[in-house]
Amino acid sequence: MSETRVQPLDGGPAARVLVAGASGFAGALAAQLVWRHPRLELVGITSRGDVGTRLDRLYPRYRVPMELTELDLDSREDIDAAIVAYPHGASAPTVAALRGLGALVVDLSADFRLRDLPTYERWYGEHGAPELLEGAVYGLTEIYRDELREAELVATPGCYPTASVLALAPLAEEGLLADVVIDAKQGVSGAGRGGGDEMHYVSMDENAFAYRTEGHRHRPEIEQELEALGGGAPVTFVPHLLPLDQGELASCYVQTSEPIGKEALEALYRERFSGERFVRVLDAPPGLRDVRDSNECHIHVTVEERGRVLAFSAIDNLWKGASGQAVQNLNLMLGLDEGEGIS
Amino acid sequence: MSETRVQPLDGGPAARVLVAGASGFAGALAAQLVWRHPRLELVGITSRGDVGTRLDRLYPRYRVPMELTELDLDSREDIDAAIVAYPHGASAPTVAALRGLGALVVDLSADFRLRDLPTYERWYGEHGAPELLEGAVYGLTEIYRDELREAELVATPGCYPTASVLALAPLAEEGLLADVVIDAKQGVSGAGRGGGDEMHYVSMDENAFAYRTEGHRHRPEIEQELEALGGGAPVTFVPHLLPLDQGELASCYVQTSEPIGKEALEALYRERFSGERFVRVLDAPPGLRDVRDSNECHIHVTVEERGRVLAFSAIDNLWKGASGQAVQNLNLMLGLDEGEGIS
Amino acid sequence: MSETRVQPLDGGPAARVLVAGASGFAGALAAQLVWRHPRLELVGITSRGDVGTRLDRLYPRYRVPMELTELDLDSREDIDAAIVAYPHGASAPTVAALRGLGALVVDLSADFRLRDLPTYERWYGEHGAPELLEGAVYGLTEIYRDELREAELVATPGCYPTASVLALAPLAEEGLLADVVIDAKQGVSGAGRGGGDEMHYVSMDENAFAYRTEGHRHRPEIEQELEALGGGAPVTFVPHLLPLDQGELASCYVQTSEPIGKEALEALYRERFSGERFVRVLDAPPGLRDVRDSNECHIHVTVEERGRVLAFSAIDNLWKGASGQAVQNLNLMLGLDEGEGIS
Amino acid sequence: MSETRVQPLDGGPAARVLVAGASGFAGALAAQLVWRHPRLELVGITSRGDVGTRLDRLYPRYRVPMELTELDLDSREDIDAAIVAYPHGASAPTVAALRGLGALVVDLSADFRLRDLPTYERWYGEHGAPELLEGAVYGLTEIYRDELREAELVATPGCYPTASVLALAPLAEEGLLADVVIDAKQGVSGAGRGGGDEMHYVSMDENAFAYRTEGHRHRPEIEQELEALGGGAPVTFVPHLLPLDQGELASCYVQTSEPIGKEALEALYRERFSGERFVRVLDAPPGLRDVRDSNECHIHVTVEERGRVLAFSAIDNLWKGASGQAVQNLNLMLGLDEGEGIS
């Protein structure tokens, strides 16, 4: 596959890309982002439940005039890369098959995010391709950019870890985290298609609530990443659902291992993210409306009266929290400009 | 005024009630609750900016066919009681004047909530009637019920302290609080009428954000009440605004002074609130939709994996978080059934 | 059943009421309205899909602490009356069985609304109890009040005919209708529980659209009722769905058979509805927010520049458009005050 | 100015563009569209009320890092073209001044839309630059494309006329219109910034209503355009407000001068719009969600049972209904590809 990393001089497509699982919210957006990408060619979109339906009928606003097909890898030697948007657990075997064809893979499920197999098994059950775990790169672009340039399999984090880890990374890297509470709030698209009565318009209208309060499988993933950054801490993580479509707001409450003033804190964050085109450090708390339909992450950090550090991070759960970041990673894997097609 | 506490045997009005500041969100609801109350007579509604307007034109859904007038206390010797819904600071002088007439007063502002005058002055500026501070009773009904029966001036807490203190009271009473983070989320009605561009439909639609992150004046009030319950703790309090009308969800993250298991925790809460008709302890996180337009407070409590206690509390910010509780308190002050007119 | 029409002198329950199909949106509200009704006793709630579930778990905000059971009429000789909230077609046999027990029945389906059997069969298929058609009274209270007092089977109209016919009744009664366009707009609760992807929060959020544009089964029903009022006219009826929960707004565009001025028009409407407690004629177009959670119908009528008469009618689709009106009718059938329990 | 129509061979900016009135909803979007346009250079954004504020602080999601200034035309000889987003009436003098500098102007107000001066004066008052009326081209691109290529002053229609005239144009061109009712529904952004209490989130949440029912100034504009297309008809036009941000849905009810079948109707529309890249004729009623944040117009046409023709048209009121179409027109005026920067 190394050839695909060298894009043609004439500005033609750098890679032919398949999106597997394109009938879900994240997969459909991934298909659109590839479709409109100036350097990628969308060569197929597959689905398990909507075969035969055109994607622009299922998601008119994405305007992708292509029919969903079954995934049949025997006939797909033309694929240079794939984005896989399958549910947790279902993804691993398909990823393995695609890797077997030599395709670069960006996976949107949790299947290759946890480096520790027993932890994975505790939260998700048996793993379908444990032999690929070691080679997978965690797809939080701003943390693993160098590794992503060489990666062949990328496990793109979901919206909760993306928002949370970006909000906490500068503190973790300085070893400043002592205790962390993350109160995360997400729009309904984060719950995915389906969902039955609970995601009916009438159920969510004028509503908001916490869920999975006793232990959420994103907690070990967040802890893993904070630890890897240089200084872990116990994390209390509680997700909430809000009456809006796209958006993820992580409000992080941190006790630091040593005191830090507001100015030093802001300076730390501004410096850490100074070269990042998709991360903006704001001087006021971020709003979800301002990041909707974008790959941006808006962060605000301050110290409250009791000395706790507060870090707020807002992203679009389908973009930076899923498919936007997947394309950001794919750009890096292919040697393209990181922001191509998602700016 | 003691006569007004003895309601007539024939079930006639127990008291003639004025609502001052009835053109704001909380005051308008207070007017409606008094209007439809079987034992109260609404004898006047006043406003500072909408004099001459009928309330059912300003708030059609409340259906109160009465005109807003200026507050002219010289002519109001017919008042037995008043609910004052003025902004913080503006309330105190009016409350003093009403008390001078002998009327029982339920105040919705912060002016009589903080027992410590310097603390009040730090957050709100000069106090307009400091001599009344000592006699005021804090109107969180489930905590101060006995005192409320004898009270002549009640400072009803707003939605943030009401939801937060109810969620934490059983732990405070047991001296179990060691460290508290409150991530509070409120509907737009909590920001009040006015608000300009920021409260425009277009500004809040598909939006959510934190505000006043560095120090909120409800924090000292919450700390005061937890302390009074038997065991205070430093409180980190951060409010958020959500894209919905009425609702207040307090997500409380507590480190306890000693470990407590989930079963003991639930038992503690169920016992503490067992006789309360407006507080329900649920076995799942509460949703704002379920308490809308009611005086109920729904609480859920659990222990997450890292040992932190989680307490969630949902109320309608205009009802239990303002005017519903005001009437609940007024009922007690008048010797009426606590739930009359608000069940 | 005539005894049940004479309510006990002591103010005890006037009737024991069953709600069949209480797990749907309309049925659940009907159950709540009966539950909290001062003169009715809710003696059972049944469901076809949620047997064994408590209603206050399915619909917490209705607070009805009763378990849904299967409908077993063999054991229900205790029933004086029933509200049936089944889908069109499924309702007729159950209504017939309940009538066989001697119970008064208020049906919420379309099964007994169309007086002409072939018309019914064209739109809904075979009829399950055609022998009951003739005796059924159309439950638009403000039109058929006298008949309702004597009725044993009432076919309560849905939200579209209720809003439309009330908006047009004064003109129909005067024979003034020449041509009618009804552009009807409804909240998502009108589409009922279920609905799959199309009623997912994400599908309806920030959306609005027309549906069933080529012919809607409510059109013949509306035409039938306008004809019965004294002067029918061809009706173009197009329903739309709006991104809100409860509400039904009918915008009616009328060419009159002879010119009528704005003043005469308003006078006609004000006189027609002068004694009606649930109908209000406003001097400005009605808003859905103002009728939510109420049995009210707000009407505004005017003449636009081109001489067309405009009539706007707003109701809550679940209240006046379904269960509120069902209880209004049941009150009449039982000899109770019409507004009891729904004011 | 003719030079500016010849864009540089090297693909550099074809024109330097000023946006006047960039602090309103439409002006801000116009500024963003010019800012990100590959062939235009945004050389200034002006405001009357927000001078000194950066646009990306007022509208973060548009990400235009430029400061709003006062309009000072003395110093603006560098301007090739301007988009003016002033209120009706205020626009004409500024447009005249800009034309005096030789700049091409796209105006978003109503000031140059009505060709008949007395009609303008009746609805809007005195005209500030009547001498420019005759030379102005009506900026409904799909109708006046040829004239727009030569235009120096373009009056871009608002969302109501755009959606309505596009929905009816094929019938008007065939002389088929006999009688027209337009029930138009718009999101809150259409009401503009400001608006006070009525546009407060709490006022519009869960609400919908008609407004200006007795005569709307867009009616004569719609009638003018239908007449110009070859066959006018009396138009009844009633606007409504919906609880959503961006979107405009025109439901048109047409009596035709002679019968037309559904197939012929669809063929007429598909042929008329076959070459149009921004107009799509759908086989089902269009939804607002599908056109949001796009310059597309989705149309569906059918015949209902009573023989009336129904035409539905959905656009984003800020894009195709204002600023998107403004840029579409500016592209034509400058000899650029019509869809550049807005596809």
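Which chain is which? They are A, B, C and D, in the order written, and residues in each are numbered from 1.
One rule holds in what follows: a residue touches a chain if its C-beta (ideal position, glycine included) is under 8 Å from a C-beta of that chain, and two chains touch if they have at least 3 such contacts.
Given the structure is predicted, the values throughout are model-derived calculations rather than measurements.
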Relative to subunit B, chain with the most remote C-alpha centre: D
Contact-richer chain pair [A-D vs A-C]: A-C
Whole-Å separation of chain centres (CA-atom averages), subunit A against subunit B: 41
Distance between chain centroids, defined by C-alpha means - subunit A, subunit D (Å): 37
Centroid spacing, where centroids are CA-atom means, of subunit A and subunit C in whole angstrom: 47
Touching two or more other chains - residue numbers and ranges from subunit B: 203, 205-206, 243-245, 287, 289, 292
Touching residues (chain side subunit B, partner subunit C) in the complex: 60-61, 205-206, 287, 289-294
Of subunit C, residues touching subunit A in the complex: 25, 188-189, 193, 195, 197, 199-206, 243-245
Residue ranges of subunit D touching subunit C (in the complex, touch as defined): 181, 183, 185, 187, 203, 205-211, 213-215, 219, 234-236, 238, 240, 242-247, 249, 251, 253, 285-289, 292, 300, 302-306, 308, 310, 312, 314
